[in-house]
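Chain IDs A, B, C, D and E follow the sequence of writing; residue 1 opens each chain.
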Amino acid sequence: MDWLPVGFSLAILVTWYVVVTWHDVPEFILPSPVKVIEELIGSWDLLLEHTLVTISEAFLGLFISIVLGTAIGFAMGYFETFRRMVYPLFVMTQTVPLFVLAPLFILWFGFGILPKIVVVFMVCFFPIAVTFAQGLVQSDSGMDDLLSVMGATRWKIFRISRIPQALPHLFSGLKIAATYGIVGAVLAEWVGAQKGLGVFMTRAMKSFRTGVLFADVLIIVLLSMLLYKAVEWVERIVCRNITNGGKIT
Amino acid sequence: MEQIVAENVSKYYTVPPEKGGRNHERLQVLTNVSFRVERNEFVSILGPSGCGKSTLLRMLAGLDRDYEGTIRMEDVDLKKNRVPVCYMLQKDHLLPWRTLMENVLLPAEIEGADLKKEAEAVRPMLREFGLEEFENYRPHALSGGMRQRAALLRTYRMRGDIMLLDEPFGALDEITRMQMQDWLLDVWGKHRKTVVFVTHNIEEAILLSDRVLVMSPRPGTIVKDIRIDFQRPRNRDMLLGSQFLGYKKDILASLG
Amino acid sequence: GKAQKVTFVLDWTPNTNHTGVYVAVEKGYYAEEGLDVTIIQPSDMGADAMVASGAAQFGVSYQESVTFARAENVPLVSIAAVIQHNSSGFGALKEKNIRSPKDFEGKKYGGWGSPVEEATIKYLMEKAGADPSKVEILSVGTADFFQASSSGQIDFAWIFEGWDGVAAKLKGIEIDYIDLGKTDPVFDYYTPVIVTSEDMIQNNGKMVEAFMRATIKGYLYAIEHPEEAAEIFIKAVPEADPELIRESQKFLADRYQDDAPYWGIQKKEVWQRYNDWLYENGFISEPIDVEKAFTNKFVE
Amino acid sequence: MDWLPVGFSLAILVTWYVVVTWHDVPEFILPSPVKVIEELIGSWDLLLEHTLVTISEAFLGLFISIVLGTAIGFAMGYFETFRRMVYPLFVMTQTVPLFVLAPLFILWFGFGILPKIVVVFMVCFFPIAVTFAQGLVQSDSGMDDLLSVMGATRWKIFRISRIPQALPHLFSGLKIAATYGIVGAVLAEWVGAQKGLGVFMTRAMKSFRTGVLFADVLIIVLLSMLLYKAVEWVERIVCRNITNGGKIT
Amino acid sequence: MEQIVAENVSKYYTVPPEKGGRNHERLQVLTNVSFRVERNEFVSILGPSGCGKSTLLRMLAGLDRDYEGTIRMEDVDLKKNRVPVCYMLQKDHLLPWRTLMENVLLPAEIEGADLKKEAEAVRPMLREFGLEEFENYRPHALSGGMRQRAALLRTYRMRGDIMLLDEPFGALDEITRMQMQDWLLDVWGKHRKTVVFVTHNIEEAILLSDRVLVMSPRPGTIVKDIRIDFQRPRNRDMLLGSQFLGYKKDILASLG
C-alpha cells in the first residue's frame, strides 16, 4: 500500500471541503465531500441494489471483452493479413460516439442486459486487443530465428517467446479496460435501463440531488479503482518472472 | 560424402540511405564463397571482423535465402528447404524471463520431449559447464561467460547432425575455454557430428579442426583451405610443436 | 448603449415549443430591448441547474422539474407557461390497440426512467380499474418513440402530441393517443415553462422584464402567423425536418395561449394540484410554497 | 496506402446495403449507406458549418492535451514521487463518467469553448501522459549506468536515452488521443452548445432524421481517422530512426 | 603514487528465491579483494568466468556502492563520490537508434563539446578502427566485432585518466585484435592513462600490462599479483621468449 497518493487525495478532499464551505457554494453546483458521504450512507441500501446490477453488467462485459479481446488481439498479432484488414476498422469503432450509438443498441438488442454488455464490450475490447497485438508484433528477430532453427512452428515461437513478451502490453490494455468497464455499463444504463447506477444517476440528477449524484460517482470511481488494482495484482503475479530484473529485452 | 556444398555464394545487403539522404546502397558482404564440408568433419572458419562469417552461418542455418549461388546441405537446396541444425548465434539470445535451466530445456520443449527426463539429462552437464549452482538464475544475474556457456549447452541439446557455432568461446577465460574445447571434441567424437566453427582464435582453430577455412576481408571469400593433419585424439602438447607453428604462420600470412 | 448578453438554455433540442424565442431573435425584438440573446441546446440534464446557478439567465423547463428543484432548495422560478395545457400523453401504434389506461395491462411502456412516470401510469390505471402490476415499465432513455415501438421493443410511450404526433402523421404512421391533460386535472400541469432564478428577479428585474416583453411579442407573432413563424424557425434551425416544423407549428398555433386571457399566464391551482400529488406520492419530502415557484408578474 | 482494409470496409458497406434493402429495414432503425451518403451531400453546407466548430474545439483541446500531457507524462517519468502521487488520481479521473460530469463543467466554466476543451482534455490527456511516463520508466539499466559514468546528469540520460526510447510509447498514446479527440468535443457539445456536430446530432435525432444522424457520425469517424493517420504519419517520420531494424532494444 | 586502492572488498548479491520458493539467498561474489594501481600503470585482471571481474569493474566505475571494504580512487572514497573514468562494459550498449558516429559522439555530446569538431577528430580514428565506411550504419547492421570496436572508440572519447575495460577485444579476430592492442598501447603511452583491463587472453595480458592480477574462482579474490618486467615499447617477438613462457606458466598455474 502506497500512502503517498492517499495523502494527496485527502489533501484534495480537504481543499474541496474548505472551498465549498468558505464560499458557501450551493449544493446543486458542487456538494461538499461531507454531504456526499452523508448521502452515501443515507442511500446505502438503494445504492447497493443499483450497484449490484451495474457490477454484474460490467463483469459480464469485461469477461467477454477479455476473452474475445485476447483472442482477436492474438489473431491480429499472428495473422498479418487479418491485422491489416480489421485494425483500421477497430480504430473506427472507437471514433464512433458511443452515446449516440447506445440508444440504437437498445433497438437492436432489446432492453435486457445485452445492450449494456455490448457497450462495455465496445469500450473495453479495443484496448485489450490492440495492446496485445502490438506486444506480439514487436519481436526480437534473432530470437525468432533461433527458435525456428530449433524447429519451432510459428505457433510455438509465439507460445515460447512472443506471448510472454507481449504479456506486459496485454496487461496495460487490461488495466485500461478495467478503468473503463464500469463507466461503460453506467453509460449504457444511462441511455436506457431499469436498474443500475446509471439509472440511479439520472434520477438523482432530475431531482437535483447533486449530493446523491456524487455519491453515485464515488461508488463508480471506487469500483473502477478496485478493478484496476485487481488487474494490477494479477499482473504482478503473472509478470513477476517476465519483468524481473527490470528489463524484458 | 559431402554434407555441405556451397558454390559461388555472394551476398549483398541493402543499406538504408545515409544521413545525407542518398539512395539505398548495396553493400557486398560475400563474394564467390565456395567450400565443401564432409560428414563428420570439423571445419573452422577464420576471418577478419566484418568479413561475413556470421552472415554465412545464418545462411547455413537456413535463415537467410537472399543470396546468389547455391548452398546444398544433405543434398537439400537451402533456398528451398531447411535442414535441422544445432545453431549458436554470436549473441546469446537467452530468454530473459526464463531461468538458465528453462532456457536450456527450450529445444526439448519445442520438440515436445519429456521435460523431466531432459532436465535430468541436462543436470550433469550443468555441472560439467560450471553452472550447477545457477540452474534457477535468470540471464541478467549471470556473468557474460556463464551466459555463453548456457547458450552453448542449449545449442548442444538441439536436434541435428550439423553444429554451426559462431564464436562460442569468445567470452570465456583460458581455462574454461580449454574445458569447453575438450568437451566439444568429446561430443564431436562420440556423436560424430559435423561442426562448422567460427572463431577468432587461431590456435583453437588448429587444435580442433580437420580443416581451417580462411576468409578475406569484406567482401569475404575463402582465400585458404588448410587441412590440419594432426592425428586424433589431440592434446595440447602439439601447440608447442613446429608443425603447429607452421600452420599458424600459414594462417596468419593468409589473414593479413 | 451596448446590448446586454443573455443566455437562454433550451430544455432539449430546438422544437416548436421554442418558436417564440427564435422569432424574437430573428425579428430583432430582443435587440430592441437592448438584449443580445444566445440560445443554447443542453443535454438531458436540462436548463435548470444552469439557470439556477446563474450560468444562464433564462431557460426552458417543466412544472414538475421546477417543483423538484424548489424542493431541493434550488432557487428556480417559472415566469411563463409556453403552452397553456399539457399537450403530452401516451401514444401507441394503432395495431397495439391502446386507447385508454385500461389497455396498458400486459403492455410494455418505454420511458426515460423517471419514477414519476411509473407513478402516473399507476395512478391512471388504478383510476381506470386496471391492475398496475401488469404493465412492464422499461427505460428507453434517448431512443425515440418510433424506433422503439416499430422495432417491437415497446408498446407505448409518453409523447408530445405537437411533435411525435405530428411526425407520425407525416410519416403516415397511424397512432392512438391518450391526452394526459384530459385524463385527470392533476396532470394538466404546465409543460414547458420559461424559468429564471430568484436572484435575477430580485436583482435584475429590468432585464427579466425586457426579456419577457420581447419573448411575448415573439410568441404572439407565432400565434398569429404560424406559417411565417415556421419559416423563421426553419431558417434558424435548418437541421430539423422542415415539414415536421411547419405541421407542428400549425398544430401549436392555437395551443400556446388556448383558453387563457393572455399568453404565458399560470394558475396557482394547477401548481398546487400537481405539487400535492407529487407530495402524496412521496416524490418530494416537503410540499413547496407554490407562490414562490411561479410568477405572472412578467406576462401580465 | 493499404487497400486491404479499404476493400474490407467496402465489403461491409455492401453487406449493410444488401441487408437493409433486402429486409426493407425502415430508415429510422438503420438507414442504408446510400441514404447516408445522400444526406451527407444534401446537408453538406450545414454539416460543414458545424464541423468547423467541432474541429476547432477538438484541435484546441488536443493541442493543450498534447502539450500538458507530454509535460506531465515527462514529469511522471522523471520524478518518481510525483508519479506515485498523481498517477492513481489520473486513473481516477478516467473512471469518472464524463457524460455526467460534463453538464457540471458548464456550470463551472460557462457556455463558451472552455468546457468543450476541458472535456477533450479529460479524454485525451490521460493516454498521452500515461504512455509517455511508462515509456520513460522502463529503462535499460546498463545504458543508464554507462551514460552516468560519462558524466550525464539525470536530465541528459533522459534526453539521450530514455526519451527516444519512450517516443514509440508516446505515439501510441497520441494515436489514442487522436482517436478520441473529436468524440470528446462532440460529447461536450451534446451536453450543451450552440453549434457543432454534437448539437447537429441531437437535432437530427429528435426530428427522426436517422440518415442525417449517420451522416454526422460518418463525418466524426472520417475526421478522427484523418487525425489518426496524421499522427501515424508524424510517428513514421519521428520514429523512423528509432525503430529502424525492427528492434528498439 | 597510488591512484586506486581497494581494501578488503567483499560483495554479496541477493538472489531471488529459487523456483521451489525458498527465501532470498545471498551469493558471495567477491571476498577480501585488495589491490593498488599506480598512476599510469597498466593492470590486467585475469580470472575464471563468473569470478566477479565485471562486478569489480562496476564498483571501480562508481556504479555499485553496495559492498564491504573500501575503494579509494584519487583519494576519493567511491562509496561517497565519483571519479570520472573511461568505462567499457562487456556488452556494447550502443544506442540502437543512433548511427555509429552518433554513438561515438555521445561523450562529447554529454560534455556539451562542439560536435562538428569532435566528428572531425573522430573520423581519422574510424579509419584506424576499420569502421570508416560504416559511419552512418546503425548498430544492428554492424558485425559483432565492429560493434565492439565502436564501443571501444566511444570509451576512448570519454573524459577521465583512468580506463576501465571489460574484455574490449573479446569479439575480434587475431589481426584486428593486434591492431587494437597496438593502438591501446599507443594511447596509453601518449596520454599516460591508467588502465585496468579485464581479459581472458593470457598472452594479451602479459604483452600489454605492467602487472597482471589473477583472481580465484567465485567468490573471487586476488590470488596472484605478477609484475611483468618487459621493457617498453614492447613488440610481439617477446611472445616467443622464455621469459614470456615463464609468466604464462605462472599465470596458468595460479588460474587452475
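One rule holds in what follows: a residue touches a chain if its C-beta (ideal position, glycine included) is under 8 Å from a C-beta of that chain, and two chains touch if they have at least 3 such contacts.
Here the structure is a predicted model, which is why all the values come from computation and not from measurement.
Novice: Taking contact as defined at the start, I'd like the list of chains shared as neighbours by chain B and chain D.
Specialist: Common neighbours, chain B/chain D: A, E.
Novice: Which pairing of chains gives the most C-beta pairs in contact?
Specialist: Counting C-beta pairs in contact per chain pair, the top pair is A-D.
Novice: Quick one: which chain's Cα centre is the longest way from chain B's?
Specialist: Result for the farthest chain: C.
Novice: When the centre of a chain is set as the mean of its C-alpha atoms, what distance in Å lies between chain B and chain C?
Specialist: Once rounded, the distance between the two centres reads 85 Å.
Novice: Can you give the whole-Å distance between the Cα centres of chain B and chain E?
Specialist: Centre separation, chain B to chain E: 26 Å.
Novice: With chain centres taken as the means of their Cα atoms, state the distance from chain A to chain B in Å.
Specialist: Each chain's C-alpha centroid was found; their separation is 50 Å.
Novice: List, in ascending order, every residue of chain A touching at least 2 other chains.
Specialist: Those would be 29, 104, 107, 140, 190, 205, 244, 247-249.
Novice: What parts of chain E, by residue number, touch at least two of the other chains?
Specialist: Chain E, residues with two or more chain partners: 16, 91, 138, 141.
Novice: Find every residue in chain C that makes contact with two or more other chains and list them.
Specialist: Touching at least two other chains: 45, 49, 53, 142, 144, 147, 151.
Novice: Got a list of which chains touch which?
Specialist: Listed in label order, the chain pairs in contact are A-B, A-C, A-D, B-E, C-D, D-E.
Novice: Touching chain D in the complex: which residues of chain A?
Specialist: Chain A reaches chain D through residues 2, 4-5, 8-9, 12, 29-30, 81, 84-89, 91-92, 94-101, 104, 107, 134, 138-141, 172, 179-180, 182-183, 186-187, 190, 198, 201, 205, 213, 217, 220-221, 223-225, 228, 246-249.
Novice: Which stretch or stretches of chain B touch chain E in the complex?
Specialist: Going by the criterion above, the answer is residues 13, 15-16, 18-19, 46-50, 53-54, 90-91, 99, 130, 136-138, 141-146, 149, 167, 170-177, 200-202, 252, 255-256.
Novice: Where on chain D does chain C make contact in their complex?
Specialist: 26, 28-29, 43, 46, 99, 102-103, 106-107, 110-111, 190-194, 199-200, 202-210, 212
Novice: Considering only the defined contacts, which chain A positions touch chain B in the complex?
Specialist: Against chain B, chain A makes touches at 140, 142-143, 145-152, 156, 160-161, 164-165, 241-245, 247-249.
Novice: Where on chain C does chain D make contact in their complex?
Specialist: Residue list for chain C touching chain D: 7, 9, 12-15, 38-43, 45, 49-50, 53, 55-56, 142, 144, 146-147, 150-151, 167, 171, 237-241, 244.
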